[in-house]
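Chain lettering (A, B, C, D, E and F) follows the sequence in which the chains are written, and residue indices restart at 1 in each chain.
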Amino acid sequence: MFFHYKGLQFEAKPDKPDPVLAKHLQELLGGAVGEMTVAMQYLFQGWNCRVPGKYKDLILDTATEELAHVEMIATMIARLLEGAPEDAYVEAAKDPMTAAILGGTNPQHKIVTGLGPALADSAGEAWSGKYIIASGNLFADFSLNAAVEMQGRLQATRVFNMTDDPGVREMLKFNIARDTMHQNQWLAACEELKSDGLETLPSPSAFPESDQNNEYAYTLFNFSEGSQSSEGRWASGPTPDGKGTFNYVDNPQPMAPEPVLPPAPPQYYGTPS
Amino acid sequence: MFFHYKGLQFEAKPDKPDPVLAKHLQELLGGAVGEMTVAMQYLFQGWNCRVPGKYKDLILDTATEELAHVEMIATMIARLLEGAPEDAYVEAAKDPMTAAILGGTNPQHKIVTGLGPALADSAGEAWSGKYIIASGNLFADFSLNAAVEMQGRLQATRVFNMTDDPGVREMLKFNIARDTMHQNQWLAACEELKSDGLETLPSPSAFPESDQNNEYAYTLFNFSEGSQSSEGRWASGPTPDGKGTFNYVDNPQPMAPEPVLPPAPPQYYGTPS
Amino acid sequence: MFFHYKGLQFEAKPDKPDPVLAKHLQELLGGAVGEMTVAMQYLFQGWNCRVPGKYKDLILDTATEELAHVEMIATMIARLLEGAPEDAYVEAAKDPMTAAILGGTNPQHKIVTGLGPALADSAGEAWSGKYIIASGNLFADFSLNAAVEMQGRLQATRVFNMTDDPGVREMLKFNIARDTMHQNQWLAACEELKSDGLETLPSPSAFPESDQNNEYAYTLFNFSEGSQSSEGRWASGPTPDGKGTFNYVDNPQPMAPEPVLPPAPPQYYGTPS
Amino acid sequence: MFFHYKGLQFEAKPDKPDPVLAKHLQELLGGAVGEMTVAMQYLFQGWNCRVPGKYKDLILDTATEELAHVEMIATMIARLLEGAPEDAYVEAAKDPMTAAILGGTNPQHKIVTGLGPALADSAGEAWSGKYIIASGNLFADFSLNAAVEMQGRLQATRVFNMTDDPGVREMLKFNIARDTMHQNQWLAACEELKSDGLETLPSPSAFPESDQNNEYAYTLFNFSEGSQSSEGRWASGPTPDGKGTFNYVDNPQPMAPEPVLPPAPPQYYGTPS
Amino acid sequence: MFFHYKGLQFEAKPDKPDPVLAKHLQELLGGAVGEMTVAMQYLFQGWNCRVPGKYKDLILDTATEELAHVEMIATMIARLLEGAPEDAYVEAAKDPMTAAILGGTNPQHKIVTGLGPALADSAGEAWSGKYIIASGNLFADFSLNAAVEMQGRLQATRVFNMTDDPGVREMLKFNIARDTMHQNQWLAACEELKSDGLETLPSPSAFPESDQNNEYAYTLFNFSEGSQSSEGRWASGPTPDGKGTFNYVDNPQPMAPEPVLPPAPPQYYGTPS
Amino acid sequence: MFFHYKGLQFEAKPDKPDPVLAKHLQELLGGAVGEMTVAMQYLFQGWNCRVPGKYKDLILDTATEELAHVEMIATMIARLLEGAPEDAYVEAAKDPMTAAILGGTNPQHKIVTGLGPALADSAGEAWSGKYIIASGNLFADFSLNAAVEMQGRLQATRVFNMTDDPGVREMLKFNIARDTMHQNQWLAACEELKSDGLETLPSPSAFPESDQNNEYAYTLFNFSEGSQSSEGRWASGPTPDGKGTFNYVDNPQPMAPEPVLPPAPPQYYGTPS
């Protein structure tokens, strides 16, 4: 169960309206690795967590914070959209600058949401439940969370460089800092799972090694021209999971013959052979 | 540019048809973390890679192998769909077992593909280009790749337990082994990026620390009831990026007042205040 | 069965081409509450209507009219896209106004449809069958229809203010009037269902009151800071359905303990607890 | 900003596992009118609300409650998925009942979420940000909210009849009661907007009547065979908005000639005429 | 503008209910090549047709007929869904046959549409505006129409073999016949475009031959192991467009060097090289 | 199994960066009929091909080439995105030309991919597995392939006219030539299927003529005003499949009465009649 405070976690107020930036900020709100994705990913991981205690609490702490980040970006977008002059469209027919600004905005910010945020990304594509993963395996999920926070921080830093509005930058500095924390926290949580003896590499670690084809578990196949790929630490030496040694196959060959499929039964009207 | 061999990388032949399993295997082919996703994710990372040499070669080696895995699963599905008796639908009206089997299959395997694989997941949802990420930042991308390989291996092990068909299991043992390699290889590649001085944590590491709000870069906010989350190593001590010390805020408060938005201009017909 | 007249229900002819406006008008054609949505929603409600007579006839009258509206907007878009000079792209490299106009257009209007309408919204997202609802319960459906007509009229009035083209405005005046009618008609139809004793509030009204937890059927829970929400008529007094009295709970508490989920069976490789 | 309580708003515990019902319950979680939709729709309406005070507070009270409902259904689904025997898939090859049950479940509940809820509907289609509307016009939005609550309650009552599990039914009785409240509350809020002189019918009411083609604002066109549609109160008498009188056109004619479109410019390679 | 007749173009009445078949029939209604696709594809081609006269009339004749086919399948589905016993779900817990039938149905037919058709395919995926193409080039569009009618007829014949219900088969015999006509008609229309001198192969034929790299316009590159592909008439002899001669390149080589991309500007935080 | 060469099939190097053109080129990469669609369509047709020999080899030759085309367009887009000045966004606030160019670009090229290609179309909509068809019937599939190549060539020629960059045009001349070849090759392959006696019109040709309602297999119904459609060769004379004679019905009538549907069972709470 949730409770909503009226105040924001951190200020989200631009110095001046900028509807083009509002369109760009949608990526941080409703993009594949935006705030909505992490909020929902963590909520579903929390509700799907079958390990009570510190892990579940950590997940739900973070999930709930991410809802506050969705709210911050949503508020920032609403404010960036304010101040459109009543005759912008008429002006645009005469003034290249007005026309250029209108051309760079999201039409749905005007027609659909009436100067509010959309649950969509910077290209206007709606947010999708397919963006989130909650597998029930905490090591796999925490690793993914750390990686998504990296992508999210990367996008926030790119948007940071697209504006010099002090208010927007102040908010982004906070978001970028939180992404730093979340990268660190999920990686620490992976370490904790190892320390607690619950999970390790390769994930899932409880799958019996005897059911894995170990002959191919530590081999790099060179399927592209050139063998520069043999020069990295992924091609020789001990593997990060501590269970094997990398080896390199320079010229891999098919291990099975061409599959020859029999004709489909006649009621499907496939082409007979 | 590519070349196609007629043989499969590894055998993909079930001992007997099983259209229900074929439906389940679609997840490994066209699901959010299936073979198509890694194939396309790595291809686009390779084509977007602006660092020539060992990294780019590694990416394209792996991308090209994943295309062979798509081919293996696709072939396995085609073979699992074979052998449907011509009068199955008439039988199903009389025989609960036939009806149950038909009920558990994907209708599009019959109606649309004519006993072939679909580019969709086990719920029949089409594969989407939104599943892939190629950001241009190799550390962020390799971290994501490792995480996706964990999710993919997890799903393959689950499907492994859903069948006792020796042929299917033999193929999955190979796929699971390759996922082990790929987890290890991408994690090793992250280490190599660090060794080479190209990237480190937090990602992206080139973003100036002075543009991050460092006050909140290593803080865990307790936004949910209970403070068990303070008991993990993510709440105190040094952070994995080696740049800070975790701290814990037990009772976080809003740092900004309630946002009060002015009315929208009249031409949008929002409710006046 | 249908028949198509060559004439339009109402004129759809702009005074001059305007490809930027064409992009905006797509929202009224293929947006979530655009003409295609109401056309298909009403058609499926009509085909799913199990009450012969005046209700079914009303639904299909309106559905068929909406097809004519789709045609009108489609025609308007085709005409707005006409007149592109052959060298616009070359000009755009030199002239800011031409560049701005091109930047504000939908690339698919040129590349994909060749100056014709797309079945998509103003952000270029394709129309989806998920936008429509036809539940078989006429009261629930007519209420939804009235609400969708409000959203549709709101969007049309916003687009009206984005252009001063007399021809476009003339068409929109007609569409806006039809939305007025349709709001009124669906609300009147809800009243008629009540008068005829077929349905009432809450919908569905045939669900036995004894199977509803009546203790919570008329309560407003204050789940957010501040209790201004207690000041409206939704917090006290008789309820619109005539069956209860609103009451207000200022400080709602969880009614069930924290859910503690047992571990998943081992074959799913969830994290053990 | 939000805070999460560990307890559930209301108990969500089935008497026994039922993975087929879990698949059905997904509709109430991630369907087009499920709990996620109302939660997000109300949150975005709240964040887009430019009228401070009782309306905004009501919206956010309700939004925050809906998050608790998402949590309840998610928890119920996780519990319904428990208890799968380790050898179910082997059994299914011999036992029609086991095969039938497996056939009726969602494969992703096993392969992807590991016995947890998905952010998808009962057909496995992912939840979409396109399901929500927050227009900035409260009358239009509250009318839509009431209608969506009707559809949601209708679906919950249908699922109620698909199970006799006492625990599931107890939760649904609560959800159905809350849908009753929410229908009433949004309709009451529409009345309050009228009383406060902020909005009325037709929505948006601030659009100048002079910019509407009033000749067609209260007319029912009979576009389908038969004129039973003339028999309802939508065809004559005063209109619900109090501004007009319904009239009926039995045999509507096109008001504009066939549109004749000129050829596209040659650089688009349309067929010349 | 359209008019709706109450009668169906052809009878759509099953001999008995069959909710599993109803799920399968959705493919013919809302699948990628189903009736909705052809109806909308032809309508948009008609509205986008800039050649008045026989071609435009043919397109709109056919489009309007396809709407009647959507109606027929929708009606058939509604009737196949009828007759569900009130206690089916309770029965399913005891009776494998009832459980099997329920397992093979679409949950949304009960929960969402209340025994009506959905605008979705047999896997429950919503119909999408992306399925249609209306390019403004009639030869390209008619060729596509003929091909889509082939795919549609193929699917209808497959469904035909999934049932022995005389009523369903009677309807499908009609639909299959219409698909025969439509294949023939669109191919004839391509011939007519050639006869009329408007378009020919390759499409678009108005593109100047001098702007095509003619060296590679009639070459088959052998990019896969084995050269059986040299044995067909696509590898030698005159080409169907009458403008060239097929030739075969057995061992194609890259014609451009490896692309080496420079680093991205620093504000994007790509990995430096 | 595949192998990747480092060189490109053909050069893909623009003379200068052009991020607006990069956005447009996405249509040829990830649009509904772009290179990704044909690559995947042919791969799945190849893997679903149950006729060994020349047909399967032809399909896989072409599929593999299309992967090289995806790579070429992806490379071209990456290069067109290069060279963005570091202060473009600050400049855009002052300079209409810079603002116009930014307005015409895809925000995700900067925020998400960091100057790389996306797996999306020119409107930013992600590529979908629904775009491809592999039915198992080669005649139906080859006909579709030819048609898709026409649409693809049409789009490439339109983009050709949107730029005068010599490098881009050089690449497009090659792509357009390959589309010419592929149109010809698939049409030749249809002829070969006929010559080999495997398939013919109407597709699928193995469906028994006795199960088709032959009375309506060659009839054009005039469902729209005007009978210009009677003037083409599709309305009289022999049909292209050589099996019938076209006939024309000027005034088609419904062949079945209005469908009257009985009420749904009470547990679905449909409106009673």
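The rule we apply is simple: a residue touches a chain if its C-beta (ideal position, glycine included) is under 8 Å from a C-beta of that chain, and two chains touch if they have at least 3 such contacts.
Computed from a predicted model, the values in this text were never measured in an experiment.
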{"item": "Relative to chain A, chain with the most remote C-alpha centre", "value": "E"}
{"item": "Centroid comparison with chain F (C-alpha atoms), farthest chain", "value": "D"}
{"item": "Between chain E and chain F, centroid-to-centroid distance (C-alpha), Å", "value": "11"}
{"item": "Interchain centroid distance [CA atoms averaged], chain A/chain C, Å", "value": "30"}
{"item": "Computed distance of Cα centres, chain C from chain B, in Å", "value": "34"}
{"item": "Per-residue overlap in chain C, given as positions that touch at least 2 other chains", "value": "1-9, 32, 55, 60-61, 63-64, 68, 75, 78, 86, 96-97, 99-100, 102-104, 110, 112, 114-115, 120, 123-126, 128, 130, 133, 135-137, 139, 154, 157-158, 161, 204, 207, 223-224, 226, 254, 261-262, 264, 266-270"}
{"item": "Contact graph of the chains (line, ring, star, complete, other)", "value": "complete"}
{"item": "Complex contact set, residues of chain E against chain B", "value": "20, 23-24, 27, 31-32, 96-97, 99-105, 121-125, 154-155, 158-159, 161-164, 223-226, 254, 260-264, 266, 268-273"}
{"item": "Contact set on chain B toward chain F in their complex", "value": "1-5, 7-9, 30, 36, 40, 43-44, 47-48, 60-61, 63-64, 67-68, 70-71, 74-75, 78, 112-120, 126-130, 132-137"}
{"item": "In the complex, chain E residues that touch chain F", "value": "5-13, 32-33, 53-58, 60-65, 68, 75, 78-79, 82, 84-86, 110, 114-115, 125, 128, 130-131, 133, 135, 137, 139-140, 143-144, 146-148, 150-151, 153-154, 157, 160, 169-170, 173-174, 176-181, 183-185, 187-189, 191-192, 195, 201-204, 207, 211-224, 226-234, 239-241, 244, 246, 252-259, 261-262, 264-270"}
{"item": "For the chain E and chain A complex, residues of the former touching the latter", "value": "154, 157-158, 161, 267-269"}
{"item": "Chain C-touching residues of chain A, taken from the complex the two chains share", "value": "1-7, 49-52, 55, 86, 89-90, 92, 96-97, 99-100, 102-104, 106-108, 110-112, 114, 120, 123-126, 135-139, 193, 198-199, 204, 206-207"}
